[in-house]
Every structure is written in C-alpha cells, then in structure tokens.
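Per-chain residue numbering starts at 1, and chain names A, B and C are given in the order in which the chains are listed.
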Amino acid sequence: MLEVQDLSVTAGKTVLVDGVSFAVAAGAMLGLVGESGSGKTTAVLALAGLLQEGVVRSAGEVSLDGSPLTDARLAKVRGKDVGLVFQDPSASLDPLMRAGAQVAEVYRVHGVGRGEARRRAVALLAKVGVARHRAFPHQLSGGQRQRVGIAVAIALGPRLLIADEPTTALDVTVQAQIMELLLSAQKETGAATVMVSHDLDLVARHADDVAVMYAGRLVETGPAAKISARPRHPYTRALLESRPRLGAARGPLPVIPGQAPHPSARPSGCAFHPRCPLALARCATETPQLVGGVACWAAADE
Amino acid sequence: MATASLKRPDASRARPAVPTWLLWTVAVWAVRLAVTVLGILTLLFALLHLSGDPAAVMVGPGGSAEDLAKVHAQLGLDRPFLDQYLAFLGDVARLDFGDARGTGEAALPAVLAKLPLTLQLVAATLVVSVAVGLPLGVLAAARREGTLGRIIAGAAALGQAIPNFVLGLVLLLVFALWLGWLPSYGSTTPAHTVLPVITLALFTLARVVLLTRAGVIEALSQDFCRAVVAKGGGRSRVLWRHALPNAFPPVLAFLVTDTGYLLSGTVLVEQLYAYDGIGRGLVIAINEQDYPTVQATVFTVAVIVVAVSALGDVLGRVADPRVGRESAG
Amino acid sequence: MSRLSTPARIALAGLALLAAAVAFGPLLLPADPLKQNLADGLAPPFWMDGAIPGHPLGTDQLGRDLLVRTLAGGRTSLLVGFVAATLACFLGILAGLVAGYLGGIIDRLIMGVGDLWIAFPFLVLAIAAITVVGSSTPVLIVLLTLAGWVTPARVTRALARRLKGEDYVSAAVGFGGGHRYVIARHLLPAVAGANAVIWTFMVGALVLIEGGLSFLGLGVRPPTPSWGTILNDGRDLMETAWWVPLWPGLALTLTVLFVNLLGDGLRRVFDVKESDRA
C-alpha cells in the first residue's frame, strides 16, 4: 500500500509539484493524468528517488507498506520493492545489451547468482511474450521492447509499480496489448500501481482510481468510473470532452483554449482560471484546496 | 546426428560450411587491399616516371654513366609506358621491389625484418591509450564538475596540442640526458621502448580521454542509465557497465583512423630516438636515395593500413551490434 | 565573432600576436637570422651564466641569434601552413562541389580517392614523393595542399548533396538562375562556416606536418630557417645547448594550442558538430 502526503518537488525556486496527496491500495491502480508540464512525471520520479540534478523533494511523506520510503530505503529496494516502467523503451534499454541480460541484471543487482539470474530472466521474458532473449533492443519491435521494460520492472515482485506513460511511445495497435500485460502483471504481483498518462480515456478504462493534475497540483481525484461519468472539475470535463470519439456528432472538437502554464509562470489562485469557462472572481486570488475529491471553487458551490 | 534431429528438427537442415556474409566481407576486403596498394604504388610509379629521369632516381647521386645506362635498360625505359607499367605490376605481384642500395639485398625482406619493432611501438601505443585513456575518460566524466575532472580534461586538451617530435625532444632531454633514468637512443632493450611509446602515445591517449569523457557524459544523460538506477544499480555499475560500453564505439572508430597518424608519427619518433624500425629505415632510405626501400616501405604500410581497417571493422561490430545486418523495427 | 568563447578569444589574440611577431620581428630587430658568428656560438639565454647581451634567447652552434632565427623560422612555417591550408580548402571545396553537385560516378571516384588518401599515413607518402622529386618550398606547399583537401571536400560534398534536393534550389534553377547562381548564393555561404572551422584546424595540422618534414631534413631547403629545421639542428645539441630547440618547440606547441582553442570556439559559433568535420 502506497501513501503519499503533501508531496512537493522544487527545482530551485520553481515549484514543480505542490502538495500532492493520494493513496493506492495493494493490487489497485491509480491513474495519474495531466498534460505535459503538469508535474505528473516529476511526482512519480520523486517517489522512486530518481529526480535529476537540482530537483529535490522539498516536502511531504511517502510510505510504502507502512514504513517511510526514504532515500536510504529506496537505495536498497529500488528494483526489488519498487519497479519502474519507462516511457520510451527505445531509450530506456541499453542498446548494447541483450534483452535477457538486461532483465537478468535486476536479479544480479539484488544478489542472485549468475546462472539462476539468467534462467529466471529467460523464463520471465517468455512469460511476458518475448521469446528472443538474446536479441538486442534494436532487433526488437517497440512493443517487444516495452515488454522487456515491464519484465525488468516486475522481475522481483515489487510492492510499488510505477509506469510512466508506458504506451505513449507505441503504436495504437500495440498499446492495448501492453496495457493488458501491465494489468495482468499488476494482478499477479499485487503491487500498488501508479500509472502516469496524458490520456484520461485510457486511464478511466483501466485504472481503479484517477487523480488529475494541473500545474503541479491535484485538481480532482476519485474512482475511475465516477470521474468518467461525472467529472466535476472543469479541467477534467474539458479533458474528457476533447477526446475524439467514434460515432459522436460531427463538428469541431472542443478544445481547451490557451496553454498549460510553465511551472515558473504559474497563475495566482487556481492555476486553471485563465482557461476556465466557469471561472469566478475568487478563482484568481484564492487557491482551492482538494475537498471531497475536487479542488474548484465553482464545483464547491454546486 | 539421429539423436540430435529428434530434439531439434531443424538441425538436420544443411548449413554452409562458411556463412555467406563472411565470404562476402573477406572478398570486399581483398578488393580494398588490392585497390589501396595498387593505387598508392601506381601513384608513386607515375610520379617516378613523369618527373625527370627514373633511372637517375633509382641509381641516386654519384652514379656513373654506366650505372645509369644499366638501370635504364633494366627498367626498360625505352619501352612504351604501358609496357613498363604492366611490368611494374608484375613485379608488385611477385613482391619484387628491387634491391636496396647499399646492401644490395632485396628491398622488401629487409623492410619486413624491421617491421616487428615498429609494430611493437604502435601496438604498445594503442594498448596504453586504451588502458589508461578509457578509465581516465570515465573519471573525467564522472567528476566533471569537480577539480579532478577538470584537471584531466585540461591536461588532455594540452596533450592533444603538443607536437610529438617536440615532446620527444623534451622527454629525451629530461629523462634520458638530465635524469638518466632511461636510455636515449637505440632499440635493443625493453627500456628503449618507454620513451618512444610515451612520445607516440600522448596525442592518441589525450584524444581517447576526451572522446570517452564526451561519450560517457552523453550516455549518462540518456534514460537507460537512469533505468539501471531504477533497477537498483549503483553509480559504479552505471558508469562502467553501461555508460562506458556505449561511449566506446566512437573511440574505436577514432583509433582505427588514428593508425594512419601513428604510422606517420612513428617515422618521426623512430628517427628521433634512433629506434630501428621501418620509420627510421624510411628516413635512412631517402637520405641514401634508396628508392626500392622507399617503395617497399610504402607497400608494407599500405598493407598494414588496410589490415588495421579490416580489423577495426570486425571489432566495431562486436562493440556495437547495431552496425550491420539485422534490425527489426 | 561576438559569440566566441573566452578561451577562443585569447587564442585568437595569441595567434595574432604570433603572426605580428613573425611578420615584423625580423624587420625590427637588429640581428640577422642568417648571420654566422662562430665566436658567439652556443650562447645561453639571458637568465643563465655566459649569456651574451644582444642575444636574449641565446645563439646556436653557428652563432646565429635565436630570437630572430625563431621568428624568421616562424615566418616560413606559418606562411607555408597558411598558404597550403588555403589552397587545400579551395581545392577541397571545388572537389566537393563537383562531387556533390554532379553526383554519380564522378562523385564515387572523388570520394573513393579521398577515402584512400585520408587513410594512408601522409608522412610516409610525402617522404616517398620527396624521394622522387626532391624537396623545396614549392614542393612542400604542393604536398601540404594535397594533404588537406579531403576534409573540406567531404563536408562541402555533403552540404552540396543536401542542398541539391532542397526546394529552393530547384526553384532558383527554375527561375532561370542557373547552377552558378545557386552555387554562389546558396551553397558557398552554407559551406563557409564549416570550412572556416576546418581551415583553422588545418593550418595547425599543416604547420605540424611541415615541422615534421623539416625536422627530418626533408622540408625547406637550408639556409631558410623554419621551426622544424631549427629543431633538427637542436637535436644534436641537446646535451650542450638544450635551449636551441626550446624556442621553436615552444612556438610550435603554442601555435597548435591556440589553433585548437580557436577552432573549438569557431565550431561553437558556426554550430559545426565534431562529426561534420569528417
């Protein structure tokens, strides 16, 4: 079980993630949704302790299965209790290492002998659907590479599985297969899973809970079914509406006017107010807190 | 075979003794060798025959009129140019480059006798450059913000700039003449190789350090290095088992092209230290107007260059499997 | 030039200083680089015992003043390098344009010769050529020019090929501009930056090759001094008069260092990646 309280991440003076809190039960999946720049990737990297130079976790508590997930603990359990699936499998696999060896490396790092590591790696790869364990990444298709990435993440049965936009870099036809693989892996390991995505639709279909992020803050949280049926935050609504749908009425797609703000140029009050169709006067000055699963002055009045 | 085919049915399918791609590669390299060697030698041949009297060049200064006439006839300089060229090609095919002036012995064997010393020098240079250069480069990349990293990078930049014969003179002065730690001239003992190797190696070493450093920095910025940390790997593993191997292919490519530079450099270094390899032999030859030896040396060098290039190609594929045959998508 | 980094600017200043010194030094200083005065032979530089006033850097075995001689040698070395590099770039750009623009078998031929050329150790080839034609300054310049043409050719060819396919080139030709117009207005400016960087590095490289050849006694004819010949003279004097090779050695090293720094700086200004050089 993963518990995140008031997580904040800063890079110098710029706030990238501001007071994010959520919890994920073992075996459940949370979909963390937002546009690029919303801080979603930064937030999960902070969970894994993989922030880059100059970016630090400035506040908040994270605990996994009851005990705090400190940097010290992370250094020991990364790869074992915490698994990470990266976004672009062409970049996250070492181009000079065979697929089997890359999976075996996880075992080796955590004390497994060479022969056994190899055996387990080959078996695991076969299980996720990659038979060519002696292949190099460039010899595999995008989908196969991501399967290797998933194998690496689940090899030691993690308690926390983080998937950073695992299907974004893949063909649409392959996305479904990979999602299926991810879900079955999650069920089998019983890990608390956080899946980051910019695709609310995808998340709503597969995740148990959804958390929507905008400009570093959570704007809406709740069960996936509830959010996709009745989104309360204007941003969430707009996200759902702007997705093209088969069989929908013709006409121009609704677009959210404007652009997501750069972290260093965050609007005052509610960060979404310049683009919000329901903006009130107080939205420009007072930042709404997450109340009852939504952070919006307009929604609070309903 | 019967038992084998029960377990692996496709093993009974006949496989060629030597894979086709290997044959093809060898054929390509054989052609390259021929073209390179012939190209260079033809160039020399043209130069010789189109600029004044070839007989005079072959005989050298101090040759009498009879010598000139004899060589004139030997070379068949009265015959049409094409005939002469074909005769020349025949000589090359038989590896006959004439006789060395002074000794009167066949030119090519004499050059080949000195070849091992030169190869020792070049090989030692390459080994030193890799064995010392790669770790220093990794270190320079890992500590690039700190003092050590900057010192290494700075020293390497300086090392690239010092001309090898200048360095040789300095080393000779300091270590051989002033301190007396190492012998100055000659090539008889292993100690005689130390200064020549250092002199020859500095540029290559410096460049390897800088290339490795750049490659490692680049690799570290990529996702796959972060992925290793996500697996639980430590800094050391990321640096040495992932960043360095990925930084290596360009270094290898550089080393292959650097061989040309090394062979040129060995001429200067051998001359400076009176080290008896083919480089010094070449300088002696030109001073004695010994054209056959010059030609034989050029031939030998051409073969070495092609051989190294071929070797580099093979090693390149091992170092970076992305080069070449398969690729799925 | 305003985007040039500080080390590169220092290097540029250093090179300018050096060029000025070798150009005007011998004119301003009283001593004659060729004048021999055996009585004053092997005088050490000014900070050592036995130094002769009027010869601050010392004298060589024939009593020639080293300061003036080194400067005069610099004239030869730098001039040869400069001229040869410029000629090599001209030749290379021409070859590259022809190969890139015309394509086909001419392209293959030129590039094939280039590949062969650049793989072979140049010094060996140069020595072989000198065996046949003898050595002199003009021969030296020709050889050095031939040493350097390949890199500018390759870079120019790559750019020519790329631009040949560009729409605005076809448009220009379509407007009746003709190929010469296209080359002058589009290609040459595009290759100028990369070639400027290549030229800079090449001057350094060719000065070194000249130095090497002269060091072997195969460069400029005596009594003309060049840094390489002075180093060669100094070789035998290492034990007794080590300062003789010191000055040309220092000068050569500084030149190469400055050239490298300047080249790196220029590379950043013109945004030429290391890989573009090959």
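By definition in this document, a contact is a pair of C-beta atoms (placed from the backbone, for glycine too) under 8 Å apart; a residue touches a chain by one contact, two chains touch by 3 or more.
No experiment lies behind these values; they were computed from the predicted model shown.
Common neighbours of subunit A and subunit B: there are none. Taking the mean of C-alpha positions as each chain's centre, the chain lying farthest from the centre of subunit A is C.
The distance from the centre of subunit A to the centre of subunit B, each centre being the mean of the chain's C-alpha atoms, comes to 52 Å. Centre-to-centre separation of subunit A and subunit C, using mean CA positions: 57 Å. Centroids of subunit B and subunit C (each the mean of its C-alpha atoms) stand 24 Å apart. Residue ranges on subunit A touching subunit B, taken from their complex, read 48, 50, 75-80, 82-84, 86, 88, 91-97, 105-106, 109-110, 135-136, 138-142, 144, 149, 152-153. Only residues 35-36, 39-40, 44, 47-48, 51-52, 57, 157-158, 160-163, 165-166, 169-170, 172-173, 177, 257, 259-265, 267-268, 271-272, 282-283, 285-287, 289, 291, 294-295, 297-298, 301-302, 305, 309 of subunit B touch subunit C when the two sit together in their complex. Here subunit C touches subunit B in the complex through residues 113, 116, 118-125, 127-133, 208, 211-212, 215-218, 231, 234-235, 238-239, 242, 245, 249, 252-253, 256-257, 260, going by the rule given at the top. By the touch criterion stated above, subunit B contacts subunit A in their complex at residues 222-224, 226-233, 237, 242, 245-246, 319-322, 326-329.
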